[in-house]
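Below is one structure, written out as structure tokens; the observations come after it.
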Amino acid sequence: MQVTVWSGTTQALCAALILMVPLAAAGIALINAGLGRSRSAAHAMMGSVCVIAVAAVAYFVCGWSWQGFPGRPAHVFTLAGKEWNWIGADPFFFRGLPLDGSRGEFVAWLQMFSVGVAALAPLGAGNDRWRLGASCASTALLAGWTYPLFAHWVWGGGWLAQLGVNQGWGYGFLDAGGAGAIQAVGGVTALSIAWILGPRHGKYAADGTPAAIPGHNAVLVLFACFLTWLGWIGLNAGGSLLFIGAGPADVPLVAINTTLSAAAGALAAAGITRIRFGRPDASLSANGWTGGLVASSAACAFVTPASAALVGVIAGLLVTFSVEWLDARLGVDDPAGSISVHGVGGLWGLLALGIFARIPPGRVINGMGAGSSGQWLAQLAGIATLLGSVLPMTYWLNWLLNRFHPQRVSAEGEPHGLDLYELGAGAYPEFVIHREDFRPR
Amino acid sequence: MQVTVWSGTTQALCAALILMVPLAAAGIALINAGLGRSRSAAHAMMGSVCVIAVAAVAYFVCGWSWQGFPGRPAHVFTLAGKEWNWIGADPFFFRGLPLDGSRGEFVAWLQMFSVGVAALAPLGAGNDRWRLGASCASTALLAGWTYPLFAHWVWGGGWLAQLGVNQGWGYGFLDAGGAGAIQAVGGVTALSIAWILGPRHGKYAADGTPAAIPGHNAVLVLFACFLTWLGWIGLNAGGSLLFIGAGPADVPLVAINTTLSAAAGALAAAGITRIRFGRPDASLSANGWTGGLVASSAACAFVTPASAALVGVIAGLLVTFSVEWLDARLGVDDPAGSISVHGVGGLWGLLALGIFARIPPGRVINGMGAGSSGQWLAQLAGIATLLGSVLPMTYWLNWLLNRFHPQRVSAEGEPHGLDLYELGAGAYPEFVIHREDFRPR
Amino acid sequence: MQVTVWSGTTQALCAALILMVPLAAAGIALINAGLGRSRSAAHAMMGSVCVIAVAAVAYFVCGWSWQGFPGRPAHVFTLAGKEWNWIGADPFFFRGLPLDGSRGEFVAWLQMFSVGVAALAPLGAGNDRWRLGASCASTALLAGWTYPLFAHWVWGGGWLAQLGVNQGWGYGFLDAGGAGAIQAVGGVTALSIAWILGPRHGKYAADGTPAAIPGHNAVLVLFACFLTWLGWIGLNAGGSLLFIGAGPADVPLVAINTTLSAAAGALAAAGITRIRFGRPDASLSANGWTGGLVASSAACAFVTPASAALVGVIAGLLVTFSVEWLDARLGVDDPAGSISVHGVGGLWGLLALGIFARIPPGRVINGMGAGSSGQWLAQLAGIATLLGSVLPMTYWLNWLLNRFHPQRVSAEGEPHGLDLYELGAGAYPEFVIHREDFRPR
């Protein structure tokens, strides 16, 4: 049996990896701000800091309680003679947190960071029109309820993880770095927010023709790729150590796979936009890069570098088409491409594990060992849960929030930009800015 | 007795943490530049690089010699029958540095980085008017004398650390991450610099009414919050391993506490400005975030997450009021809020340790073990030393420097901006900038 | 015999260090973009992301195969009765990569990152005129052939490493952090690219007088110094663990030396420009900082802090003079100073090892132990190889590429800026930009 010992060495390595995760948050924050308008750039960054703060606090207050960790208290229901674990039952305010350097303590640390990463995805979809207070309230719901619930199902010994033991579907649902539990949860929430808010003023002409509203700072967006790169190595390798029994010797492979997937995603997006539009598109290439990272997360420790590159290529293409499809066909205005990058990329990553993963024979995960088959069924179950259960739940919660207090900035406030309207000060008060609006193409 | 072994694992973990500290420096540099004018933005960043460089060199030349480490040579005086250790006596130029992977070697590494962090605080207070050469000279005094002297008292086995053994005041003065020894030392130096330089031209009307001079780039300021976050985890957890006998199992708690304190500080600042001015203030929220980090530093390993969040809330409020008080009441022009963030936040952090810390019973620090009481006396002694001894010393040193060569840019140079006047080139030569000045509100 | 054991602790530490390397790439990318024009800023960043992506993929496809690692399959020729190892023979696509946490696996990881760092140097030399497709193709040649070949000679047990055993020249060619194998290889490629592309339109008047074309964003350039700082500690300390038998106890010294070298380089550049031109030059100081980092790479683990500072001072001076000499005397237009920083700085670092290194008596490197002499001969052999063999090879490869498809943007495209011409969108679409060109000074 090859279950990695949780030694001091692994603790130190895991800490070094978790330390990279805030760089993922920093990168997504810059992508969100850079792909928005200059007149709401300070608001976008202020929103990112507040979202990170609210997510950490909400997760501390009650999120961790619902998520928990295998072996911690949880609620169980019985169905068809099998016991299914559906929600954690830890005390609030981290009062039950083991302070012994155990896997559980490191999980709490990693999760407090990664819940913020998930909460930044909707922020990008709400660029230029989502009120600050509403984004904080929505984040509290995500970090205090939706995220930990699904994370419990995946990483807390919950029913998705039990699909192997209870149902014989491979090792149960697997997601080392959070393609589903972090990214797709963030992505479907981004979709809900974009739906509820509606498109930006001026985004669509009366006949539905979309205007291209370019991001105000491409340098920040592309610089962010370097930060997400590092952040995802932290998410993927840290998650591998904590959730799927990987050891220090697996970390270089995870880092190599993560890098190749990002690289392939960026090049695929650059190539397909070059072919289709005559010129490579910088924003979409940045989205392809991040999409490759997102897609790498589930299977990073279980695939060859060649498979990782292929997963990235497909992610880059999917993100490009999804961005266009949402923008031009579905009329969903997602300025930062969050739905495509985090949602579509994440779901593809979960599926890719079912297709490409080769789990080492001696590894035991979720109580299952060698000889497990039908992993793709467990992955499909997870995808179906995200689309059929998490998406409606997060939509409904945000719809309800919108009923109590409108999430969208007022119609007279939007043209001024969120910076002046909500914060009373612009991001770049000394720079001369073009005031004219963009026109439909 | 529970003194953590300094093992290879702890070395590796400590190295990973110290590697985060330059991100704290990077973050403060961006905050300083972003909260200054565009016409001195290159100067602010150039100043940051030079200050980091001068601090490292000065610390290498003689700083480490005065700071040292418990067990290294030091000078002692006798008072009331007790021996008090007051200054290190290591050879200059790191010639006495143990190259054996010991705690002492890691302390020298961490300190070479954190002395630069301290030296960046005054730079923010001197924004837009402090000459580059003078800021380098002032940094040499700070890094070569003031900082190591106080750090010796705290971390080098000096008299503040001996208050437990000699005086029975708790474990002696405690400051794991440098709320006092790094931040408050930087903060009181920032106060000295702001006093000596005087306010920027145009900051105060003839009747003393202050003008609001907004920072030129809010995106950089808020992005910096992500960097300071990581940097402070490095400072707090690295310092915990090196100075207060914490072990790898304490690192997740330190990281969680640091994060919660920052989050609470940012949200408190956003909330209080929302309540008082009708809109949340982005710059003050960034200052609240960093103030929360600063305040978390002393007690990070000894408090519950709930206490850490409370410390952060109070820090966020204190920073907000202190910024306003200095600006509007005392006529101290501190563009980056350095005095409030690093000075006030740091002193509050030291006090908070006396209030909230619960030191594990078996831990031995500064030669003291379980059963120590009166920790708050030691903390007050440290605060009194910072205000009564370090502040006058750093003021006097900088006053003396000012006598030899004026620290402030000439009156004809200031309106041009420090970029053109001192560096001969602007930060943004291709961008069109508003030339008009800001008016009193 | 004091060869460090490759333990779990060293793995964890090495991973934490390698994680810093992408920050070196991020920093160089910002320096390149910041020292170029605003009208090609998105292109510069897009180029950086694509170069990193292409480098990672090319290295994965075949680069690692040629580089390999001591003990892995390689081709050998016999000369004068001695066997010389000249190229690796690993399978393509990382199929021969050991997945056991061994030194070899960590080398592959580090190299996949550092090959991208090398590939960013030419990008800075080609600022504002190098076509995106051509830079990607050129990177593929660098990462798939030139870099791994030289790296095999140095780090793969190749003939430069064998100069000790076979020829009695010290320990053979030594280069812990890649002053030669990463930086100088990138630097001589930058020189080739600058030669092949020719200067930017408007850079030289008809009589050869150079115009000063200032970088468009000094804040990004100086901020980048903080990122390269961290990245180089990763390169230097990671390389020391992997290539020259250093252990965890050496890491603090490497970090201190790297920092002092950068600090001294920046201050030397600031000082010499202050003396010669009356004002310190911010761009050259940033170049001096990075030049100090580059020069520190070879000998970082084998010199005293005082020697490291001296190496940095000389690097800062060399970079400053080299930039001026190339610009004004040789008519080589290198907007980011890449040739001087990476090429000249790297060669100086290699030589500096021959001058200043004191290798611990018990250390065994490249099969050689105490009592080796003539290290400077091995270093000169490496420098001669870079100038006499790598430079012609990389020039010829890029010249050939240029014959098939011109590397330089068309004459009508250049004045529009690469952003609009090649990407169809500017970096800063909402900001008002000065349109006039710069004039010869």
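Order of writing sets the chain letters: A, B and C. Residues in each chain are counted from 1.
As a working rule, a residue touches a chain if its C-beta (ideal position, glycine included) is under 8 Å from a C-beta of that chain, and two chains touch if they have at least 3 such contacts.
Small disclaimer: the values here were computed from a predicted structure and weren't measured.
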item	value
Touch-based graph of the chains, sorted into line, ring, star, complete or other	complete
Turning angle required so that subunit A lies on subunit C, C-alpha fit (0 to 180°, nearest 5)	120
Classification of the subunit B:subunit C interface as same or different, half of numbers criterion	different
Subunit B-subunit C separation of Cα centroids, rounded to whole Å	34
Contacts with two or more other chains, residues of subunit A listed in rising order	7, 9, 12-13, 16, 217, 428, 431-432
Partner subunit C, residues of subunit B touching it in the complex	7-9, 11-13, 15-16, 18-19, 22-23, 25-26, 29-30, 33, 41-43, 45-46, 48-50, 52-54, 56-57, 60, 93-94, 97, 99-101, 105-106, 108-109, 112-113, 132, 217, 220, 419, 422-432
Residue ranges of subunit B in contact with subunit A within the complex	7, 9-10, 12-13, 16-17, 20, 37-39, 214, 216-219, 222-223, 225-227, 229-230, 233-234, 247-253, 255-256, 259-260, 262-264, 266-267, 270, 277-283, 285-286, 289, 304-306, 309, 428, 431-434
